[in-house]
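Letters A, B and C mark the chains in the order given here, with residues in each chain numbered from 1 onward.
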């Protein structure tokens, strides 16, 4: 396959970026999308040009590091996959592919296709945990948890923090990410103790990071590589409403 | 001759750890705040250690090269975590977990460490549940278990096929909690470039800010390396692209001994290589072997037809299938340990029975269990009498989907084939390194104040790691071992005070780092970093991979030397050292792989026996099983760095087995 | 309540208020529709109801201000949120394919909202201002025309003689429908009212409402235009 790539190049956060065209040839359908970029980069190094910077690590769809906006969609045309799991068989010879970084106020560009997602870390630090110290735990089977709740908590917990939800949302809202963590912990008895403070503090941090508001378009749910459900956002809305009304703070 | 002291406590095996804990030196709370601890790596071991130490009151700094601590490669572990809980009432116990681990490691692990691991295993599960880790549960609301290779009990706790992710996110949440409190300072996108040793003690690190290229100095009273394994030396492995050995290698060059570098685990169930472009390999969890049956065709002509694409697995009738693991190892069947399963696959493929175009794959088939195990159970539950094959398939598929859905999806995504319909194809791939920095019972390396935790140390898995034990070890080291053992060293550091970073030792270390980086960005070479890495990987896979022999290893050592020479002449790194530059990051890592690879081959060459992941073709039984030489090799090989291009010195830590009798490992 | 998590500060609270005001307007719309519907079947009934609504002090001085406040609030908040949301992505994508993952209605609430806003301006000009003028400036609270009959139905018919006005009304109803198609179910999601059993019903009800009510309004307008 021969492809025309239009790739966002940006030297750093302080400079303007622009789309630059590259042609890449001999692309095999069995390649992953990132392997295709590896080939392009290898060519660029050979030509003494600077390779394209992009984030990636595990290349099996779980670390959440890869983050490309491909042909107008977060993680590309397929649903339920990360960029590293996208294979070139989803494209055909002669295609033009636009490749851009996540674009959001909360995710400033570091270079080319690499963005800074530390806002997500700060949101978790605001309350995405159970305040239990090592060594103090009772036996794991002391509190039974209904399978239904455990399964729902797990589904929410599968979030990989890639930021596709923000990238794809027309408002660059981080609601799906935040609600996944809020849901996971509020569904489990261990997390219920701090549930009110957690949701209040995490939402406060989310707002402070400059993400937009949720307008329920549902785009995040569709583009989320782990299929995190909008149900979590509804749950967070519920939790927050109750917490705002009943919290003593 | 030996300079190494493993510091194993006295007493019987089941009392060592509890006695140790009762007598270990402590640091009082007021003094802890004044003590700085540097943790490099934020995976299971690093995050859990950092969180636990910060909770105790130490001032902790954590470094990770990724954009967030949550990305560490522990996240990719799929199957589960072992713990001797005996919730299944199937006869599990601390001793049995201890025994299985020693045996699974082919009797090359230290008894005291492994017993301690088994003892704390149950606490890990308690801790994780308290953190809100959503383990799989049964309908009664209690925790569920599955079984893994090398064991005959069900002791593996899991969260679908994403156990590593859930455990890491648990540890990450504990880490985040402490960052929020200010007791941990987190440095993302920072790579450790060197350890600073002052008067024989580890006193800090040099780190590089990967965003702006700045070289920074950090001091601490102790340095913990939780930097994972070195499987990426093979270029193709299941490790993440960024996983590297540099931290451990720098420690080695600063005086920490490297233990058993030749022990690498080749995981039997990975997605086979599809072409030259491949950048990494993807694991299919070992848990799949619970329900998948491994086979190749019995007849050569069937295998050839499949290789040519004329037939698929479904075309081969039951009687013409060779379930070779069940045939060779009836007691453990498809659940033999990883090394055994991998070699058996290689044996069949080398004999010409491979089932993909390259002949380097075997089938992992779910059809039988899907229909007759799960389908039947579901049919009975639903009261369907004499269900049809299709009904069994549909009912079973739902169960299999729930258990392994994400793995099947992943497989489908990568290969374009539907594993519910046609059998999966798998082949062994490099997965884990049992070797690592040599540590004593306290997890301290031979450099005082320098610790190694998790996969970065050599300690608990001997020559072969059992499935679901890596997560257990990483968290055991971080949550339950280091918080105690570090006190033993730090109790004497309370009067040290803040360690300055303007000493000659820091100057020297920084200078070396800067010179090296300067070399890379100014060298006018002609070949990319990956070019060298791929060549190195091929040599290692061919000659120091699943099977090794003297001739191959000697060749490999020479070839690696050659590549290394060429690398330092011809490597080309575009861009500058003052900005985000992934090619430069890679170059510094591959430079270290090129040295480590030689040590691996040297170790493999010296170990004239086969054990676990180390299979020397010269040393095998008539049936092709690994043949150990306990008389001469029941020791840990700890290598001491003597200088560049100088043969390292071997130290031996004799392994004493007081509680387990050494026997030929048998899974028949 | 601390200032940062206060009911008016956080992004979630703004959503609640949008949802609550939206649902309130939906209820109002239903009421408005029912009265309009009367105009088709019985001029008397329409006149009597209109007179009641226009002169009852509770409705005039309590409910009407709340309604106007609700409308204004919903608009102002909507525009403020839109402004914030645009600021959340200062650098736009060069190429975007939003229709792959969301509906047009959900993305263009601000547009449909703006159309409805301009329509309301016209609607006020047509009915509300003359009404206020008659009742409170000229002080004629009788609701009668010079013939001594109720004037409401007659005035209504008079407005729907102009084909351009009728066309504008119909166009506005289309946008109202688009707005409601997303807005109805979205309000429930914003308030956290989601349940595997009931949400599908809410969604279906929302779609039914979003189509039926604007369609009904349009049919009434067309009916009066042609029956004239």
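The rule is short, and it goes like this: a residue touches a chain if its C-beta (ideal position, glycine included) is under 8 Å from a C-beta of that chain, and two chains touch if they have at least 3 such contacts.
Given the structure is predicted, the values throughout are model-derived calculations rather than measurements.
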| item | value |
| --- | --- |
| Chain occupying the middle, per Cα centroid | A |
| Selected interface, A-B versus A-C, where C-beta contact pairs are more numerous | A-B |
| Distance from the mean Cα position of chain C to that of chain B, given in whole angstrom | 62 |
| Whole-Å separation of chain centres (CA-atom averages), chain A against chain C | 37 |
| CA centroid of chain A to CA centroid of chain B, Å | 26 |
| List of chain C residues in touch with chain A within their complex | 1-2, 4-5, 7, 9-16, 81, 84-85, 87-98, 100-103, 106-107, 109, 182, 185-186, 189-194 |
| Residue ranges of chain A in contact with chain C within the complex | 6, 8, 17, 19, 69, 71-73, 77, 98, 100, 103-106, 168, 170-173, 200, 203-204, 206-207, 210-219, 222-223, 230-231, 233-241, 244, 247, 249 |
| Chain B-facing residues of chain A, complex | 11-12, 28, 30-32, 34-35, 38-39, 42, 44-46, 48-51, 53, 55-65, 78, 80-81, 85, 87, 89, 110-111, 114, 116-118, 120-121, 124-126, 128-141, 144-147, 150-151, 153-154, 157-158, 160-161, 184-185, 188, 190-191 |
| Chain A partner contacts - residues on chain B that touch it in the complex | 48, 51-52, 55, 66-73, 75-76, 85, 87, 123, 125-143, 159-160, 162, 164-166, 169, 172-174, 176-177, 179-180, 186, 188, 211, 238, 240-242, 274-275, 277-280, 282-283, 409-410, 413-414, 416, 479-480, 483, 528, 530, 572, 574-575, 579-583 |
